[in-house]
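Below are two complexes that have chain A in common, paired first with chain B and then with chain C.
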Partner chain A sequence: MTAIEIGRLLRASTTACVVGCRVSQANVPAFGGLVRIPLDAAYSIFGLIYDIRIEDDGLVRQLVTADNVPNDVILDNRVNRNVPVEVSVLHVGYEQHGRIFHLLPPRPPLSLDLLYTCRPEESRAFTGAGRFGYFRHILRAADLPVGELLAAHLRLANADHAEQGNHDWASAAVQELITLLRDDYPTLMTVLGALADTEAW
Partner chain B sequence: MENDNTIGYVVGGSLKENLNVRLTVSPQAVQEGSFVVIDSGDWRFYGLVTDLVLGATDPRFADEQSERRLPPRLAGLLHGQTLYTNLEVLPALMLERGPDPADPRYPAWRMAHTEDPRPIPIKTVPSHHAPVRRAEAGDVAEIFGDPNKKGNFIIGYTREQLLPVCLDLDKFVQRSSGIFGATGTGKSFLTRIILAGLIQHDRASVLIFDMHNEYGPDDTASDTNQRIPGLKSKFHSKVQLVGLGRDTNIRGATPDFHLEIAESDITPADIEMLTRELNLRETTSTTLNALVGEFRDQWFRRFREMKPGATIETEDGKKIPAPDSVEAWANQAGVNVMAALGLHDKLRKVFYLPYIVERPAGDAISEIIHSLEAGRHVVLSFGDHESDLDYLLVTNMLTRQIRERWEQTTNEFRSGKSSREPRPLVIAIEEAHKLLNRELASQTAFSTIAREMRKYYVTLLIIDQRPSQIYDEVMSQLGTRISGWLGDDLDISAVLSGLAGREALRGMLARLQPREEVLLLGWGVPMPIPVKSRRYDERFWQELKGGSESKRSEAQILKELGF
Partner chain C sequence: MPVNYQQVLQQIREMGQQATQIEEQAQKLRAEAWRLFDQYACELDTLQQLVELAAAENPHLRCALPCQECLNAGFAALPIDSSYTLLAADGSQINPDRHASVEFGAINVGAIRVHPGQGRPPEEVVRSQMLFYHQLFTSNGGFLTDDVVALMRDIAERRELISLARQENSNGSDLIVTLTDGTLEPFREAKGQLPELEKLFETYLEVLRELAGLQVATAGYVDKPRSHLVINLLELIVLQKEGRLKQAGKDHPFLLIDDAYLFERILEPGQRSAVMAIHSPAVQSFTGELSLHFFYLNVGRPNHPYLSRVEIPQWVAASPRLLNLLHAALLSQSRMMGVRAYPYVLHRAHEIAVVGYSEREQLENMIIAELRRQGVPVGERSYKQVAKDASYS
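Coming up: the complex of A and B.
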């Protein structure tokens, strides 16, 4: 499977970035999905999609109040909109010279850098490297829906690992989460509650 | 390094407060009293599980039944991380095992330690996260002795793995010992087992005061009605069965000889020891001294023959005490008449004991002493004379003479007058609290033996169900203590007095199985340990006398050691 381009970078910091994409591209990224921003041949940043935002524009505001908007108008507005769909990505690590680090990237991506979905082998390589060190970036982001984000991410990543016959990854990931959160009962129960709602369990 | 027996790792603790060990196996896989081994650096630590504590990283994880909220797999993962069991381990011994032989440091360490290290009392603690494992056969043999070595007597087996736990009989007889337990906990069977071991080992003579005629002749178990072989029928001429009183028959068995006490052997001290039993007054001592002062060793007979209240009439018709009356003697000796009359009345119980005679048929006491000195063992059965009065009087009189004899023999040996070293002697006494309670202990020969006679080759084996009734000073002198289940707090405290870690051991003692489980404690065992006591049955005798046990154990031990 080839990586799918999602969009181009709008703004970024060391910890996160926002990518703008067309609606046709916006069907691809999923909440909790792992994405990659290649900066050069030997350096890529990995991130997790934690928000997908569709802002309004002037035309939409007018159409919302109009009666009987034709379908082709709606479709035209969606496809040819002026304001891009914004995909927010949390940086969770990077790859440099073939080695994966669950650390914040040394430098953020630049505007208009391309963002791609991770292929399953990339997902397996990143999530299977080390001992789930990238979880701390997620858990530190207090203003994110951590439980939902983790549940979505574990479901997607587990599917990638299960595809190759590794059915233990999800258990190991949950064990690590429990270890990290066992002194934070409310957060842990929120995370486990969200996980319980996925089919992985 | 972990192995299949690993059950957890050290997470905290101290020498004073025990070690805390996080359990990595199911709590049901470990029991209180388990003998565990902790390897940490160059040291190996030996300890005893004294408690299991359920814990949670946050109390809410324990409070909430999350298995109802979460899928089983998630709940299992959560419980595995947040709910845990901690062991409390009483550290007892440590052994410097040195670096691994493959370690470059090993040659230097071996040069500095030419002798194989021995376990020593605990002085430090293992490091955090040191692995904890169940003891294996080699560990039990390292601490409690190799069952194949002469003198190591298997007294029971570890609770979980049933590994043989030995008692070093040579060490056991060096100091007085005690066997305790509430009634019905198997004290008598355990005592039989230990006595049989001592007799078979044959390094000390054993004198058994068999108040209830249990040890010498064959008996029948009160609960199973099965025949229980006695020591006499198993050891034949090695054991002398002595019956108290002429023509005494012990459960159908004829004793080897009978014990009769000469009236002249009874001293005022023997009577004073019966103060509580006879309800004697403070004036007793004065009256007895006057009797001995006047009649010497005939005081007992002469006093018995006096007639209390006998009078004669004078020529003027006045009644006065007869010359052979108690009153006449009291007046003449300057003793209070009422005191003399009272004592005479109370001594009636002693005057007419059938085994106290003017001229015994033989010198049974000397014969007992000679048997013991010659390496034989004596069971003194009380026959029908099972009252406390009989027991107190006879045991004390006999022990007094034995004590004097062993003191004399020892002094002669030590001063070079004799080249014959005294034969170690163990005196087994049942219902010990009757002789060693606070009131009597200072008056009987037994307390002296418990305190001082170790250096004269005499020690006690006391058997009792109320250790709290035994004088503290005597209890403190007991080297080895073997206790079955005890329900009374005071009894438990008495058994544990003077021992390290007694708070931790207290619960263990109270939670022993009511039958066939005992706790080994004290100086005679390297560390406390609860064991399933050996069964007193035909197999025991086969193993004791036939040696099949040693063959089995040898093969088993070698296999378990990996040879």
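Coming up: the complex of A and C.
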């Protein structure tokens, strides 16, 4: 499976970035999906999609009042008009010279850098490295829907591991979350509640 | 300094006091205009002769000239039975500014090509032309006037439409609609003394002739028209009855009202009015297949009429097929915009074409950078402009 280009970077900080893409590409990224921003041959940043925002403008607001919006107009707005979908990504680690680190990247990506979905082998390599150190970046992001984000991420990553016959990854991940959240009962309950709603384990 | 609100308030109150009286007067005039409109709507020969008589008295007369359809008739669009191509263009310009650091102009044309109902995304085209050095001066040695740049823009819009129409034509499309915003008449007043305007106007006519050669349904779309062409025609009846036809086009017995009042009453949603010709000294250059015609179109909803005025050349007016294609395409386009009906493609062409202030600044910076790269000295903004920019920043 090849990596799919999602879009290009609009703005970034050390902890997160926002990528713009055209609406027609919006079916590609998924909430909780692992993405990769290659900065050079030996350095890539990994991130988790935590928000997908579709902005409107005056014309779109007017068009929605029409009885019937023809396909030409829908295509025009999705393909031609300059209203990008904004995909927000939380940085969860990076890869340098073949080594994966669950640390914040040493430097953020720059404007117009490309962002790709991770291939299953990249997802397995990143999520299987170390002891789930990247969870702390997610748990620290108090403004995010942490439970939902972890549930979505664990479901997607578990599918990648299960594809190669590794069925223990998910339970190890949940055990690690319980350990990390043992002193934060409300968050733990939120996370476990969201995980309980995830059927595809 | 802001406006003097004390003075303004007083003037607004005085206007308010007059408003009721003026409205009563306008209602009487509307009633009289409506009566004449209804009475003479199908007296086409009489009206045509009247325009001829009045034009002999006043060569500057501007009014509607009835053609073959009763003026109080409404016509619905028939469904279009084959696929067609819709092309729209709009332009934007940067007028040369002697107060800027560098003197330049720019004409930006945005166009959009749509194949309605064919499931293809529309295609956008942007064409930008910069004006430098000798291009910025008229033959009189003066800076290009806004009029000249505007006409250059109009021509560039139509040239883009021709180029796109030719492509469509060569691809086998024989039903093509081209739209521009505003009238087809580039200006209503005398063209003045500038040879550039005369020359550009000739080019404009050549471009229109080429569109005629391609048998394209071409039109200029005027949103919220406030024209008096039919009212001016009705005024001729009044003046003739009063034996004052010499005052045609000078005295305006129906000054306070416009055509919209008449056509909002008779046109059902989606209907167009009769096609009429424009009698005007400024359109005398539009002869033969280029002669300018128009109709009103109600793009509104039941109980909420909303009119546009559509200017078309004679070759469209004379072809029922092209006329219906244009009518149906405009309706379909306008309805896409919901309750505030306006052709979608024209709005999009505007979006593509428009040059904002920030882009102007960007262009200016690019020119300055290039001049510096070449070692050519760069001027400075006028001190007047510097002071203004400092005040408003």
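Everything below uses one rule, namely that the second predicted complex is superposed on the first by the 196 of 201 C-alpha atoms of A that agree within 3 Å, B and C clash if a C-alpha of one lies under 4 Å from a C-alpha of the other, contacts with A are read in each partner's own complex, and residues count from 1 in each chain.
Just so we're on the same page, a contact is a pair of C-beta atoms (placed from the backbone, for glycine too) under 8 Å apart; a residue touches a chain by one contact, two chains touch by 3 or more.
Only a predicted model underlies this, so the values are computations on that prediction, with no experimental measurement involved.
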First, second, both or neither for A:110, with chain B first and chain C second: neither
Partner chain(s) touched by A:185 [first = chain B, second = chain C, both, neither]: first
Chain B versus chain C, judged by how many residues of chain A each one touches: C
First, second, both or neither for A:54, with chain B first and chain C second: neither
First, second, both or neither for A:67, with chain B first and chain C second: second
Contacts of A:171 with chain B and chain C, given as first, second, both or neither: first
Touch list for chain B against partner chain A, complex: 57-58, 60-61, 66, 69-71, 73-74, 77-78, 80-82
Contact set on chain C toward chain A in their complex: 112, 114-124, 335-340, 344, 347-348, 351
Chain A residues within the chain C interface of the complex: 59, 62-73, 75-76, 78-81
Residue ranges of chain A touching chain B (in the complex, touch as defined): 171, 174-175, 178-179, 182-183, 185, 188-189, 192-193, 195-196, 201
